[in-house]
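These are the structures in question, set out in turn.
Paired with chain B in one complex and with chain C in the other, chain A is shared by the two complexes that follow.
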Partner chain A sequence: MQSLNKKKKIFIGTSLVIPMLLLIGFVVVPAIDLFRMSFIEWDGYSPDTRFVGVSNYISMFKNKDLWLSLKNNSVYFFVHFFMIFFELGFAVLLNSKIKGAKFYKTMVFLPYIINGVAIAYAFSYFYSPINGAFNSILELLQLESWIRSWLSDPKIVNYVLASVSVWRFSGYHVILFLAALQSIPKDIEEAAKVDGANGWHLFRYIQIPGIMLMVDFVLFDNIRGALQVFDIPFVMTAGGPGYASSTFTLYTIKTAFSFSNFGLASTMAIAIMFMIVIIYIIQNNIIHKVLFKDRGQKND
Partner chain B sequence: MIKRLLGQFVKQLICIVMVMVVLAPIVLTLFAALKTRGDMASTSPLWLPEVQRITLENFRQVLNDKYLYIGFKNTGFILVMSLIFNVLFGTITAYVIERFNFRGKKVVVGLFFLGMLIPTFVTEIARFKIIQGLGLYNTIGAPIVIYVASDLMQLYIYRQFISRIPVALDEAALIDGCSYFKLFGQIIFPLLAPATATVCIIKSIIIINDMYIPYLYMPKNSLRTLTTYLMNFANAQQGSWQVLAAGIIVVMVPTIILYIFFQKYILSGVAAGAVKE
Partner chain C sequence: MVLCDGVISEEDAMINAHQIKGGNKMKQKVSIIFTGLLIVLMLFVVGCAKEEASNEGATNESVAGGENTTNEKSELSGTLTFAIWDNNLNTFIEENDMVGKFQKHYPDVDIEVEKMKDDSEYWNAMKMRASANQLPDIMFNKPFTLSRFQDFLLDIGDTQAAQNNLLAEGYAVDGKILGVPLTSGYEYVYYWKDLFEEANVEVPTTWEEFEQVSLTLQEYYGKDNQDFMALAIGLKDEWPNYPFMEFMPALESGNGENWNRMASQDRPFEKGQDVYEAYHKIYNFFNSGVLGRDPLGIGNDQATSIFATKGAAMIALGDWGLQNIAAGAQDISELGTFYLPARNSVDEPYNVIVQGDSFMGVTTHSTIPEAAIAFVEWFYSDEWYPDYINYVSSDSSMKNFPKEKNSVLAQADQTVSEIQWVMYNGGNDAFSSIQNETTFDYKKLGAEMRIDGFDFETVFEDLNQRWTEAREKLNID
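After this line comes the complex of A and B, so read on.
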């Protein structure tokens, strides 16, 4: 028995040593290092660094462009939040008796698997001011007066970019909702129908409570995703004009790799992590209570 | 009866609108890719030119670009290496965590959970220095090591799967004198094949489509991936939308093909990867 135990230890040790080294070296250490770097001034390559205390934190809070960027993140959040209702409705639709449901399911998820950079360029073309397809569609609908410089008007550029984000990610949420709806046992729905429940009753009293865990996940995913929007504005507008379509992550990355201010960028990275953790805690304590209140207890 | 027909009609209508919204940007890009420079200006972006004026010249230009093949080759190599190590480390880590109790297990699980919570893009600010220190900057090793070390969704998929394999199987093998390594390699690992298929397909799509890691760590021309190839190509084609459009379509093709063949795994995998509680 002693030898079996020893063999077991050897097995566990050899199995975990490389994955743990990789995790510590490339994930845990960088995360801790970000915290250390947030208190120094460093250009990213020279050997000399200077401890500056909390001055990076002070300049972060005073940075107007960063606040503007964070405000732009909120556009993505609200637009996606608004879309959740449609995504939910669409998932219910696909879950109902409908011809071609399989094909529609395939189509709705298609944008999610396509190369994001290719999509960003395709939409740059779609919204382009010269011979752009979107303007042609408006002309076709006799709505010429609606035509704008979609990607260079600071007032609307974030909504335009958010629409690309919606195009790309909504299908993911629909598929998640659909998977949750399909996991509700069919006999419960049948029994309710026998008892005279109509479509709305089914939705309100069986389907919605049945997929609350997924709604919960999608809400968190939405907040986390909105805080980390990066590649769509990076490719389509580079955050411009000015900082009109910059986002928190985009600004952070620029601060490090374009402005060579790794200390300040680390401070911003810590701020993002802090926000995500705070939101996670709020979600687990407050939103859960609201979402699950009419169930009495949380299902596992 | 009429009510049901009407209901079905409305449902179909909504779905067809969805399909059009999904396909519009792709199809319109394809239209542009089939036009000459002159027709780009003179024809509507919403439709093709006359059949005899359709041109494949733009695709020819893209397919003659040697960097496209370099991109394919690099993406392919990064993909294969990352998948091998992801599957190897993912299966064994999930197996050990799921089946054994050992000192420090809580710390191990906690670290992996932390790894999931840390935001991806901004971590590169600190990771950059480590990659540079190891001499991996501007080598193909950089993305491989990052793809293997970070993004740990495979652990959840494997853990779920392993928890459904009866422990009695392990016990029987051990009583028969099977070593732990043999038990894992010859009995458990093959049983995980369906989960491995899901992990490989989903990871493939994430890795093929990733822009940021190769952009940041491999600026060298000979290390372009499919995605950074497209970014370089786009910068060179300022104003020639028809040529860029052909590039966009070509870069879209690999994951669309994967999706067509493996959508069952993809659709079930994303749902399994999401609900971690």
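After this line comes the complex of A and C, so read on.
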């Protein structure tokens, strides 16, 4: 028995060596190097670099275009956050015995597996002011007065781009929630029903706590995705007009490659990492307090 | 003590728990030490790899060209990487078996052609590779990237390719020819002659005439077609405004070195300076309604397509644009061209940009520079170059292989009797450094001019201040 356990441990340990090496080589070491680069001035291709201390961090905080870009990221965050409720609801619906559930599951997940650049390129034509399909649909529905400059109006461009992001990623979240819902033991739900629980009670007190790990993951993924969004604004609007639809990552890439400032770009990348962690911690604490406040009161 | 199957006494449970806890602590320590050792090992490996890579590659010295003897040819062996971004070049290479033809002369040299999506991705990739000491053996440059990559390019001034080239010497950096331009690039305004005729307008020869013609066309066709654009331009992509934002400052007084001159000035965006005057004209033009309802909402692909289907009367593109227009149009018999008239009156010279494009060069990271040089010589020889230049719409850059201009493009030379050619310089090191420090992106600026609330004077004063600060910080005279 002990020999079997030992063999199991050796097998697991050996299997993890390569993933660990890859993780360290492609994640940990570059992250450490990124941190080092945030304290230097480097154009990305010269052999010479110059240590500049915290100068890059000061420049970053003074850069108003960068913080405008971060403000644009917040649109993606809140739009996706708002959609999580609908995604969860849709997952609950798919989890029930509705007709065509398999078909809906396939259709809802399909956008996620299509190449992101292709989606962005297609949607840039969809929202085009000339012969754009979206304007044509509005005209068909007698809603010409709703037509706007979807990709060039600084006031709405980020919401338009965020809608493309929702189209692309909602299905992924729905499938994750569905998988989590299906993992809840059925006997618990049946027992609750026997005790008189209705749909809302089941959702609030059985399903949500049961899938909390997945909810945490999706919320984290929302923050990470919102702060790192790049392909949709890059392809659809190049971050324009001006910096109206630029995102933090898009600006970071531009800083590195267009303005040959890898030191400052590294600083921005470090900032994104910290922001993801901090926002996640704050969000997690708030969500858990709201969802489990009843438990806290009962335990007192 | 086991009380019954699977059940142990409380004392044993506590002992087990203690042992497990101790064991877990031990495991944690081992994990931390193991992870730390792995990190140190990876850092060591990465550090050694960088050092090895930096010791490789040729130095930036002049490499003699000329023809090889049969013995020298047979000694050349290895694999050359040839990085490109141009779709037309890629198609031509594939259809005409470039590698096979080259190997008839150099049987032991193989060529790997690496195609990037577009030139933007190309520069990003080349910058990364430069830092990793992994540039391809042969790469292309544009006028504005030559100074960036000058430390990574060999001087190929002694090659036949460079000596037979019309423009190479004009782009020498510190006396070194770092790239041989593949084509001579000219910029055109393409227009539909039948649309001009119907609206009763003629080809403009001054900026004011150009504005008037555009307004007339917009009014004439715009009343029936609200999507009509007098000048089609895909401002959503930003770069399509380059004929205006990149070249007009040089056309203003015919100074192809305008960017370099700006690098020597503290306040180059002051009123009266070329860039101010040019951009003020462009600002007024972009906001006069002649670009259609929403030029910021369409990209270059769509703009070209709209022009090809006569949804626009004009479009400003390089000579390379002709192929794209022809691909989208049913009939180009009514297609004409003229050069963008930046001059303010007929008494001023008609300045027109000419620039070398796609500067082929050999990088210092090449481990077989002789073979790379041989490839450059072969590429620009009668074995390859004439067929290629006749395949594309661009003009020849080689004295020994002149090309008769395409009939559509040749029309531009007939619109005015005396043209003053302005050889465009994309900017030297000093300009690039200031540009990076101030984040001065002229193409983005052109797109921003269309945003509501854009204050021209405020933006330019801000640019002046940032320019002055940047020159001081970078210690540029």
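Keep in mind that, in the parts below, the second predicted complex is superposed on the first by the 251 of 300 C-alpha atoms of A that agree within 3 Å, B and C clash if a C-alpha of one lies under 4 Å from a C-alpha of the other, contacts with A are read in each partner's own complex, and residues count from 1 in each chain.
Here is the rule we go by: contacts are C-beta pairs under 8 Å (C-beta built on N, C-alpha and C of every residue); 3 or more make two chains touch, one makes a residue touch a chain.
If you're wondering where the values come from, they're calculated on a predicted model, not measured in any experiment.
A count of residues in chain A touched by chain B and by chain C gives the higher number to B.
By the touch criterion stated above, A:47 is placed in contact with chain C alone, chain B being left untouched.
By the touch criterion stated above, A:24 is placed in contact with chain B and with chain C alike.
When the two complexes are overlaid on their common chain A, residue A:241 makes contact with chain C while staying clear of chain B.
Of the two partner chains placed by the overlay, only chain B lies in contact with A:176; chain C stays clear of it. In the superposed model, A:128 makes contact with both chain B and chain C.
With both structures placed on the common chain, the touch criterion links A:105 to chain B but leaves chain C unconnected.
Looking at the shared chain after the overlay, A:217 reaches chain B, while chain C stays out of its contact range. In the superposition on chain A, A:231 makes contact with chain B only, not with chain C. By the document's definition of touching, of the two partners only chain B reaches A:114; chain C does not. Under the contact criterion defined above, the residues of chain A that touch both chain B in one complex and chain C in the other are 20, 24-25, 28-29, 44, 125, 128, 131, 257.
Listing the residues of chain B that touch chain A in their complex gives 8, 11-12, 14-15, 18-19, 21-26, 28-29, 32, 40-41, 44-46, 89, 92-93, 95-96, 100, 102, 108, 111-112, 114-115, 117-130, 145-146, 148-150, 152, 174, 179-181, 184, 205, 208-209, 211-212, 216, 226-227, 230-231, 234, 241, 244-245, 248, 251-252, 255-256, 258-259, 263, 266-268, 270-271, 274-275, 277.
Contact residues on chain C toward chain A in their complex (touch as defined above): 35, 38-39, 42-43, 46, 54, 123-124, 126-128, 130-131, 148-149, 151-152, 227, 235-238, 292-299, 302, 306, 311, 432, 435-436, 439, 441, 444, 447-448, 450-452. Per the touch definition, chain A reaches chain B in the complex via residues 4, 7-12, 15-16, 18-20, 22-31, 33-34, 37, 44, 90, 93-94, 96-100, 104-119, 121-123, 125-126, 128, 131-133, 136-137, 140, 167, 171-172, 175-176, 179-180, 213-214, 217, 221, 224, 227-228, 230-231, 235, 249, 252-253, 256-257, 262, 265-266, 268-269, 272-273, 276-277, 280. Within the complex, the chain A residues that touch chain C are 20-21, 24-25, 28-29, 32, 43-47, 65, 124-125, 127-131, 149-152, 154, 236-238, 240-242, 244, 255, 257-261.
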